[in-house]
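Next come two complexes built around chain A: one with chain B, the other with chain C.
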Partner chain A sequence: MMIGANAFSVRKLLGLLLYLLFVLLPIYWLVMMSFKTNEEILGQLTLWPAQFTFDNYVTIFTDPSWYMGYVNSMIYVVMNTLITLVVALPAAYAFSRYKFVGDKHLFFWLLSNRMAPPAVFLLPFFQLYSSVGLFDTHLAVALAHCLFSIPLAVWILEGFMSGVPKEIDETAYIDGYSFGHFFVKVFVPMIRSGIGVTAFFSFMFSWVELLLARTLTSVDAKPISAIMTRTVGAAGIDWGLLAAAGVLTIIPGILVIWFVRNHVAKGFALGRV
Partner chain B sequence: MNKTHNNKAWWLVLPMFALVAFSAIIPLMTVVNYSVQDIFDQNTAYFVGVEWYQEVLRNTRLHDSLLRQFIFSFSVLAIEIPLGILVALLMPKEANWKTSLVLILLALPLLIPWNVVGTIWQVFARGDIGLFGWAVNAMGFEYNYTANALDAWLTVLLMDVWHWTPLVALLCYSGLRAIPEAYYQAAMIDRASRWAIFRYIQLPRLKGVLVIAVLLRFMDSFMIYTEPFVLTGGGPGNATTFLSQSLTQMAVGQFDLGPAAAFSLIYFMIVLLVCWLFFTTITHMDKERQ
Partner chain C sequence: MALQLFDLDLRIDQVDYLAKINLEFTPGAFNVLLGRTLAGKTSLMRVIAGLEQPSNGKVMLHGKDITALPVQKRNVSMVYQQFINYPHMTVWENIASPLKLNRVKPDEIKRRVEQTAELLQISPYLQRLPLELSGGQQQRCAMARALVKDAQIILFDEPLVNLDYKLRESLRIELKQITQQRDSIVIYSTTEAHEALALGGQTTLLHEGKVLQSGPALEQFHYPVDLNAADLYHEPPLNRLAVGKALVCAEHINLSGLAGDKLLANGDSIIAVRPDQVSLHPLDKESMQIEADIDLAEISASETYLHVSFDYREFGRLNWVLHLNGIHTFSNQKKLSLFVPISKLFVFDPQGKALRVPSQVNHDIEGVV
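Coming up: the complex of A and B.
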């Protein structure tokens, strides 16, 4: 019995390691490539850089037209996350606590925005933001990304909030808390893991998106993902530089997931288990 | 939860509504407007009724692209959902740093910008400079995703499996963690087989998260644009041109505003229709549970 169980857990471990290998190998390849010279990348297939070089990273960190891309991306991603949280928190509270005229329709309409292919909104967005003078600003990208992040945020937060017993609200009101006071001082701290997870998702979906971010910017707010296309030049692709730029885009994600690692399990179920 | 009826709750929803309406309704109305007009320049436009819709519905290239899109989305679901469940079952249960590490490594592909995902696979799958392409060729298979349509198709599929299976796995993992230990103890006493535990305890308990997984994976795979655009550019030929790319070509490349707008609306309607079916399933299930 015990031996059988052990053999089973060894098989499980092997299966898991095999899958993790599948996940990590392409990333490993990119990381290694970023430390190689272009001659080595095109010359031979090496598992470890023969001539270890930081040149690709030096180029990115010393050229403002490169590193400003990361700054721009960061700015609109953070703006998007903040706007999303500020408007989604009260809305999710309303959906989790009250019935009101048109609530179900509103909720489905909201989710339907998450289902809209970004390509559909490409041109209208461009025209809308140009006409109100927001074209090529971080705010334009942040607002455009809200279209996808807010529905998801309301959905996740509503799940977390429904897990908080209603008696808490009622007790707070009896104790003389005003709504605003209760919401900020009592309720928000109670669902902070939900807020962390929501922020994580808003950050993630805004960080990884390219199509809208590229269309709504030209110079001042150009995201890193759009700048990366520069590595394709007349002399072919600068593989090493492209790889280094790619590796640097992975780091913010790792930092963010590190902060929410203990809530990941619950968070990925959108607060619904 | 029994909710109280209170229309004042609209005040709480209002900021969110105003913001999303600004980014959703105005652009959508613009699209509707374009879809019924023939536009020459800013001041000259003619009302053409449903002509663009008819043209789009007759366009055989779009039919091909729609068919490819459906085949792709269903292949994605057919691979990623079972694989995701399997990976979730393999994951360690204890709450310690090893589990955290596995979770973070697993989530890694989800946090990479989509164009970089395309870049990673563009490099990784190349026969000359990529480990994967080189290994497949070394094993004696003819493999070149830039020239062979089937290879390109399989590479895009493999890339999507790599990119999004972690989402399904993490969803299922959180679903599995929510199953009380007592269920497993009862199964032990009954001497239930591994399969019976999965079929009668774990799978039913995963129903909720699986609906979310299917919904998200369907939506996102149906809108896929950036990754295949970077990886194959839709080629070779049109082998990996999916709906979003056809639309972008039409709207931005050829600047055919009218047909592109009509196409947009039909595209959106298809996604909405499929998701509406899912949404009804979810609410139906919630009712049954109560």
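Coming up: the complex of A and C.
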């Protein structure tokens, strides 16, 4: 019996390991490529860089046309996350606490915004931002991304807020809190897991979104994802450099997940993610 | 000097929650609101606290109209049925929060928080978060927050419902003692008659948003104004029987004991008896006798609730519940005789207004409340 159970768990372990290998292989390949030279990448199949090189990374960190891509992306992603939270927190509070005409329809309509592919909004955004002088600014991309991140944020936050009994609000008023004071000092700390989850989703959406970010920028606010798609030079594709840029693009996501991992785990359990 | 409510109505989305409430609560007295769920106890408290604006009427505190005063400025405190504390603050911070908001000096806050925690026996837990406490301690924390500021009005909305029986008993006694030392207006709501009787304060009976009766609990127990008021004091409710001018005796129901009663001769009325006043043995006194079928016997520690039923005239099958002392088993028995002493009968008119209550019967056969 014992042996059977062991054999089963070994099989299970083997299966999981194979799966893990399969999932992680592309990332491993990307990381290895980033330390190889283009000759090696195009020449032969090697599991480990034969000529280990940091040149690709050096290029990225020294060439402004590369590293400014990261800076630009970072700026509009952070802007988007902040705007999303500032707008979605009061909106979600209204949906969770008040009844008003058409509240349910409005709530669903908000969510339905996410059902359209970003490409649908490409032309109107481009036209609008060009005419008001927002084209090629960080704010343009941040605002465009808000169209998608705010509905999701409202939806997630509403779930968390509805989990807080209304009596807490009332107790706070009875204790003497004004609404604003209560919201900042009592309510927001209570749903911080939800805010963590929301920030995470807005951040990730904005970070990986390519189409809007590429179309609404040209030089000054050009994001890294757009730069990566335009690296076909006269000498062909610079594989090693692209791989290094890819690795650097994954890192912020890993960092964000690391910081909010507890909140996200709690958020997945509590809210409506 | 008191809290007075004048013609208070509360109507939300076409539903009446409170109708024409006129009440006065005095400081020092322990005011109890007794009513079933949805009777309007919580609504009334919310209006008093200022969490709900009445559709009509006035709320006056010490002669001043506070109807439009926002909740933050009313100087009330409230304890809910659920354990409501700020989950991200420690017990200490929870209790201190109303004081901090009132800009009390730090050393004064410290003194009062510690004093209140001592009073409610939660001193050892001051540095914990509320969710790390047991239910009873969480509710004590909520009570401490309500008591720490010198609120003019303290509202307890069924605060002990979610606690176990033992804890309820002890907290109830403590609560009464604690609040007696203050000159705040204390209002306590409950669904349970024995709680109202044990607290023994000025009791207001609420039913479907209306005040049925107001006065000392014991007096209400003996002299309910109507059937609803009487039912509030009995769990299970009164066993009732509608009788007409011509008392119909059937094979299994002998009402002959009632025949000489002038009150019943006047017209249709409802007679009712407390669940614990029905006897299973023949009585010397004048009584009515009913042959009933046994449906179920629920036995708790030292008492038995016996569910019986019988057919009666056009009313069909009537279900009565008897509250018997001691453990009775009726395993092989299907039928039994019930004896109801005439002197223990309530008499109500068809609208439910009390015409006679049992304790008066002996002294005053014509007694009208």
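Just so it is clear, the second predicted complex is superposed on the first by the 252 of 273 C-alpha atoms of A that agree within 3 Å, B and C clash if a C-alpha of one lies under 4 Å from a C-alpha of the other, contacts with A are read in each partner's own complex, and residues count from 1 in each chain.
Everything below uses one rule, namely that a residue touches a chain if its C-beta (ideal position, glycine included) is under 8 Å from a C-beta of that chain, and two chains touch if they have at least 3 such contacts.
From a predicted model like this one, the values you see are computed outputs, not experimental measurements.
When the two complexes are overlaid on chain A, chain B and chain C sit side by side with no clash.
Of the two partner chains placed around the shared chain by superposition, neither chain B nor chain C is touched by A:Ser218. In the superposed pair of complexes, A:Val256 makes contact with chain B only, with no contact to chain C.
Contacts of A:Trp29 after superposition on the shared chain: chain B is touched, whereas chain C is not.
Of the two partner chains placed by superposition, only chain C is touched by A:Ser178; chain B is not. Of the two partner chains placed around the shared chain by superposition, chain C is the only one that A:Val186 touches, whereas chain B remains out of contact. In the superposition on chain A, contact is made by A:Cys146 with chain B only, not with chain C.
In the superposed model, A:Ile83 makes contact with chain B only, not with chain C. For the three-chain arrangement built by superposition, the Cα-centre angle with chain A at its corner and chain B and chain C at its ends equals 90°, in steps of 10. In the superposed three-chain model, the partner touching more residues of chain A is B, compared with the other of chain B and chain C. Once the two complexes are overlaid on the shared chain, A:Glu170 sits against chain C while remaining clear of chain B. With the two structures overlaid on their shared chain A, chain B and chain C come no closer than 8 Å at the level of C-alpha atoms. Those residues of chain C lying in contact with chain A across their complex are 49, 51, 71-72, 76-78, 80, 82, 84, 86-88, 97-98, 101-102, 142, 145, 149.
Residue ranges on chain A touching chain C, taken from their complex, read 165, 167-168, 170-178, 181, 186, 189-190, 192.
Interface residues of chain B facing chain A in the complex, by the touch rule stated above, are 1, 3-10, 12-13, 15-17, 19-20, 22-24, 26-28, 30-31, 86-87, 89-92, 100, 102-116, 119-121, 123-124, 128-132, 134, 162, 166-167, 170-171, 173-175, 177-178, 194, 208-209, 212, 219, 222-223, 225-226, 243-245, 247-248, 251-252, 257, 260, 264-265, 267-268, 271-272, 275-276, 279. Within the complex formed with chain B, the chain A residues making contact are 8, 12-13, 15-16, 19-20, 22-27, 29-30, 33, 41-42, 45, 47, 83, 86-88, 90-91, 93-101, 103, 106, 108, 110-125, 127-128, 143-144, 146-147, 150-151, 154, 162, 166, 204, 207-211, 215, 224-225, 228, 239, 242-243, 246, 249-250, 252-254, 256-258, 261-262, 264-270, 272-273.
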